[in-house]
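Two complexes are shown next, each including subunit A; its partner changes from subunit B in the first to subunit C in the second.
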Partner chain A sequence: MLLNRRDVLKLFGAGAASLALPHGARAAAAPRLVIVGGGIGGAALAKYMRILNRDIHITVIEPNPRFIFCPGSNEVLNDEVSIDDLTVTYDTLRHRYGAEVIQERAVEIDYAGHHVLTSGGRRVPYDWLAVSPGPQFIYEAVEGYSEALAQGDFPHAWKAGPQTLRLKKLYQSMRPGGVVVISAPPMPYRCPPAPYERASFMAAWLKRHNPTAKILILDSKPDFIFQANYEDYWRDKFGYGTDHAMIEWVGSHEGGTVRQLDPAAHTVITADGERIRADVINIIPPEKAGRFAFDTGLTLGRDWVPVNPYDFRSRKDPNVFVLGDAAEADPMVKTGYVASNQAKWIAQIIHGEMTGRDPGNPLWTNNCVAMAGDDYGMTVTDTYRYHGGKIVTQETLIANPSHNPHLNALRASIARNWQRSFRRDIFE
Partner chain B sequence: MKRILLTVLSCIACQGWADSAVIEFTPAEAFAKDKPVSGQVLGDNCSACHGTHGAFFNEIMPPLAGMDRDTFIRLMLAFKQGVRPTIVMNDVAKPYSREEIERMADYFSNLPAQPWSRQTLHEEK
Partner chain C sequence: MKKTLTGLMICVLCLPAGHAGETTPSIREWTPAAWYETMRLKPAGDATRGARLAKVGYCYTCHGDQGVAPSRNAPSLAAQNETYLYKTLLDFRSRLWWADHKDDGMHALARTFTKQDLADLAAYYATRKLPTIRKVKKGDVHTEKLVRFGDPSRLVTSCAACHGAHGEGGVNEVPRIEGQSYLYLKRQLTLFKEGRRHNDVGAGMRFVTEALSEDELDRLARYYANGQK
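Presenting the complex of A and B:
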């Protein structure tokens, strides 16, 4: 439904009206960019493409009427943030950036005919297609685990939404002295620090409401990002490393990998064959590119979609770009921050193709801010450049742990502010 | 990993202001022969914190849109060289060359100092 000028005024105020349906955006001969997935990568691409070019026709295919941001969703577990705070609609993309949003699932690509087919039977023509479907979860990697269990009493909550609320309910209603098991996945997966952030937020709540409870992180990795920071904070707040520790971490080198779930017995079984019973089991499964990437042959037999490291055109077809978590863009990490910067660059590539201008050698950043508590933040600064035919890491700097409460609180406020400004950068 | 641990330990001892463990760093000069990229491409990497076009104007992160060119350059060089302590900007500014900082300064100083939500896109000519 297109809003008329008065509706737009009501929704966005006077300034917005002149932005609605940019002049020329609907011109019949305008080239067409179609985007599969209205998550962080897809929405950022639609917005930044329009900023660069007023004439291109932009279509976003996304089955959900709203998007719930994952950044900030661990804070939902600690009552700091609500799911509503993290939820956005596609109104701005439609009315300010003049994108057509088709609320259906993309099911197929007709590469020869340059069309995307949707679940509703539409054939959507494109000059360029960009695919940002996010990851899918490899449930089979943990024997006995399944999508059905994830939607029931064993939520992974690695996609913000009903599972986040379910996990919150489960651990907050646990018996006194109950045990939470978090199974952290092997690399690569979206947002490497998030399992440890999650454990920290749960611990903060439990310390107040269920002080004899325990959180056991069983890890499929031997180490993790911000390990020094998290362990430092856990020692300070949760007795980490003592007999009374509220949080314990077992790396893969100590047998932390979870191989199996016995749902009836509420028990996980590790690589060493150890059986661990827990009141709440949060298995974060390993990941691979979203189903759409496999169904359309974009993965070329791999787990993630191989792309040209300069412009993110898929190896399968140069008119199809792939970005975000689904892309194999080593050494880049899988974060929303990176997905949004890949999106801005792809907009430059398409604009460059339309105008015949060479945008040069790109640089992308991942300046992520994470938290261990409302009084403790940390930052990582990754800078990647396209150099010598590949993506190289120019810089990785990780904030050192500090016992200066002013600094730690400032880092946490920057992290909190970032979550909001990041959402606005994608959807405002 | 050993290197990280060492830096970490020395920092806890010093109890200082924000500093970071260097896991990887190559100075910008190593990329001097690569094709340059616009101030917009560089500057749009800052938007998650400073806002789209550096123009949120109502968040903790200061706006960059419409900033005086020379002030921008002076601050970024001071961040890069570590002579002005900050929470994050020393790390953020470190990988850019002087030319890249100047290109970003051109970009931001030419953007309207007005909240992004109120800006008009593609005004009719």
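Presenting the complex of A and C:
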């Protein structure tokens, strides 16, 4: 059921009279926003909802006591950044933004009764529910690969944390002249330039410590974002395209798609049936919406959650918003920046519903950065509009490949600044 | 035996690789001797070449056209002391000047230039003109005294003794301070006082600011900003 204006006024109870009550008493009657997932989308929503509205009761359900940012996690592989630098707690959300954070997993939605059920057996009531569980990995897409292997000697490291450190250890302790295979997934997946950034950072380290090592990128796509920029840089630094190349890239049109993993033989098998043995195998599996979205029927038989493109209400139930990587929001890309922009917009929608104010026409932006090295950065900005019942890309501004070393270096410092200020925007 | 050999092999491969890579610049503070030697070896700057480098180096995006800062986010470079410009660029390049993340852009850029380039950039900006700012009201008596006479009881030399009667800059690397924004000047004085900016030769500015209170630094920044926020 959607709240209309009158319901909202009722929710505020005796209206003016309640303003005189102490905050705690008023909070009991306040409308409730419950957020499943305290990642980038969920945390941004909690913060910006509070900034817009001081009365709403906000609850975040998130099983982990800390969040580790993925943006910046490739730099961990190159010793530039530590996992600690990327780790935040929920203290600021709790204390500065007055959100209740329940450290449990959400397991079910009672749509009719407006409750979320948690792993600890709680029933958390909501007026609006927002779901931002991120993606899950489709291990089955690569025969022989599994979550257990990912947690062992074949980390995907596509969620920053122990796997990132494991991958770092594996490739840094490789024998001289060893080979790293990175299997890049098909679209859509979170942060499209990140596999190539990862390869570049590893190469920079290997060039210094294991100069005869090789990195082979086996791609399930025929091309990738910033391809010309990366190839320029690789030619310049890593002999790309020559017999002594440290980085090689094989697109899907040349048989790059990885179909199978033989863990015992440390070998991947490509679509062409070619067997490639490697010292370190980093398979980044294809993705679909997080498990919670499937378990609760939000996906309606699809891989990602269908949403109303204007306000991100799920097709399944308009009182349930879905945002972040889990939402099917083409042509938006799956980045943290987009997740945070969706969150800011959903806060306006809810605030609008509470106050009877029309939130107007949304302008969403994606503002993404990538690096090829500490002297080479890239930036892309997309703006999106709601038009004719759809989300449309309004404009894309992308850093063209440049041979100006000053500009490339300046872009790298912009990329670093982006990461720092983005973390602060979401969690401070 | 075989194992030991493999171990050795690894080391042999590793050593030259470690050297081939970037070496972390040594960020030792300036001793007067090291600085005088650097000044003596400074290449002569070519302002015409510097103008071109300022363009391809994107300096104008933060420091403004002709080095006149368009905002308070970065200092003006126009009419700045040439030796000082050269020195601070070296300090960004070596990361000796690394107060906080505001310096990231300067670190990234300075590394992409040679010493000759830096000298050319310095020559270019030193010869640009700063617009004349209308003089606003004088400072209070106490600030005026610090500027002109210092405070011998606290061993504080007057600012004017080094920076010139109007803050226009002095000998060697002593910079122009008149004409910058209040925000920039206050930031630098605070950074020196806290020791987070420590690229000053012989800790000169750190010594001066250490003795002064935050309030005094605030007034001095306003005094030299001359009405500019």
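Heads up, the rule we're going with is that the second predicted complex is superposed on the first by the 402 of 428 C-alpha atoms of A that agree within 3 Å, B and C clash if a C-alpha of one lies under 4 Å from a C-alpha of the other, contacts with A are read in each partner's own complex, and residues count from 1 in each chain.
By our rule, a contact is a pair of C-beta atoms (placed from the backbone, for glycine too) under 8 Å apart; a residue touches a chain by one contact, two chains touch by 3 or more.
Note that the coordinates shown come from a computational prediction; the quantities given were computed from them, not determined experimentally.
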Partner chain in contact with A:Gln103 - subunit B first, subunit C second, else both or neither = neither
Task = Have a look at where A:Thr383 lands relative to subunit B and subunit C in the superposition and call it first, second, both or neither.
result = first
Task = Please work out whether A:Asp358 is in contact with subunit B alone, subunit C alone, both, or neither, and reply first, second, both or neither.
result = first
Request  = Tell me which partner A:Asp375 touches in the superposition: subunit B (first), subunit C (second), both or neither.
outcome  = second
Ask   = Who contacts more of subunit A, subunit B or subunit C?
value = B
Query = Thinking of the overlay built on chain A, is A:Ala412 touched by subunit B (first), by subunit C (second), by both, or by neither?
reply = second
Contacts of A:Phe422 with subunit B and subunit C, given as first, second, both or neither = first
Task = Based on the superposed arrangement, let me know which partner A:Pro176 touches: subunit B (first), subunit C (second), both, or neither?
result = second
Inquiry  = Just to be sure I read the superposition right, which of the two partners does A:Asn210 touch: subunit B = first, subunit C = second, or both, or neither?
reply    = second
Message = Identify the residues of subunit A that lie in both the subunit B contact region and the subunit C contact region.
response = 404, 407, 410, 413-414, 417, 420
Ask   = Inside the complex, what are the residues of subunit A that reach subunit B?
value = 13, 15-16, 18-19, 22-23, 47-48, 50-51, 54, 96-97, 223, 228, 232, 337, 340-341, 344-345, 348, 358-365, 367, 369, 379, 381, 383, 385-387, 392-404, 407, 410-411, 413-414, 417-418, 420-422, 424-425, 428
Message = Give the list of subunit A residues in touch with subunit C in this complex.
response = 175-176, 207-212, 374-375, 404-407, 409-410, 412-414, 416-417, 420
Residue ranges of subunit B in contact with subunit A within the complex = 1, 4-5, 7-8, 11-12, 15-26, 28, 30-31, 34-38, 41-42, 44-45, 47-52, 56, 59-61, 87-88, 91-92, 94-95, 116-124
Residue ranges of subunit C in contact with subunit A within the complex = 9-10, 13-14, 17-18, 20-22, 56-58, 101, 104-105, 107-109, 111-113
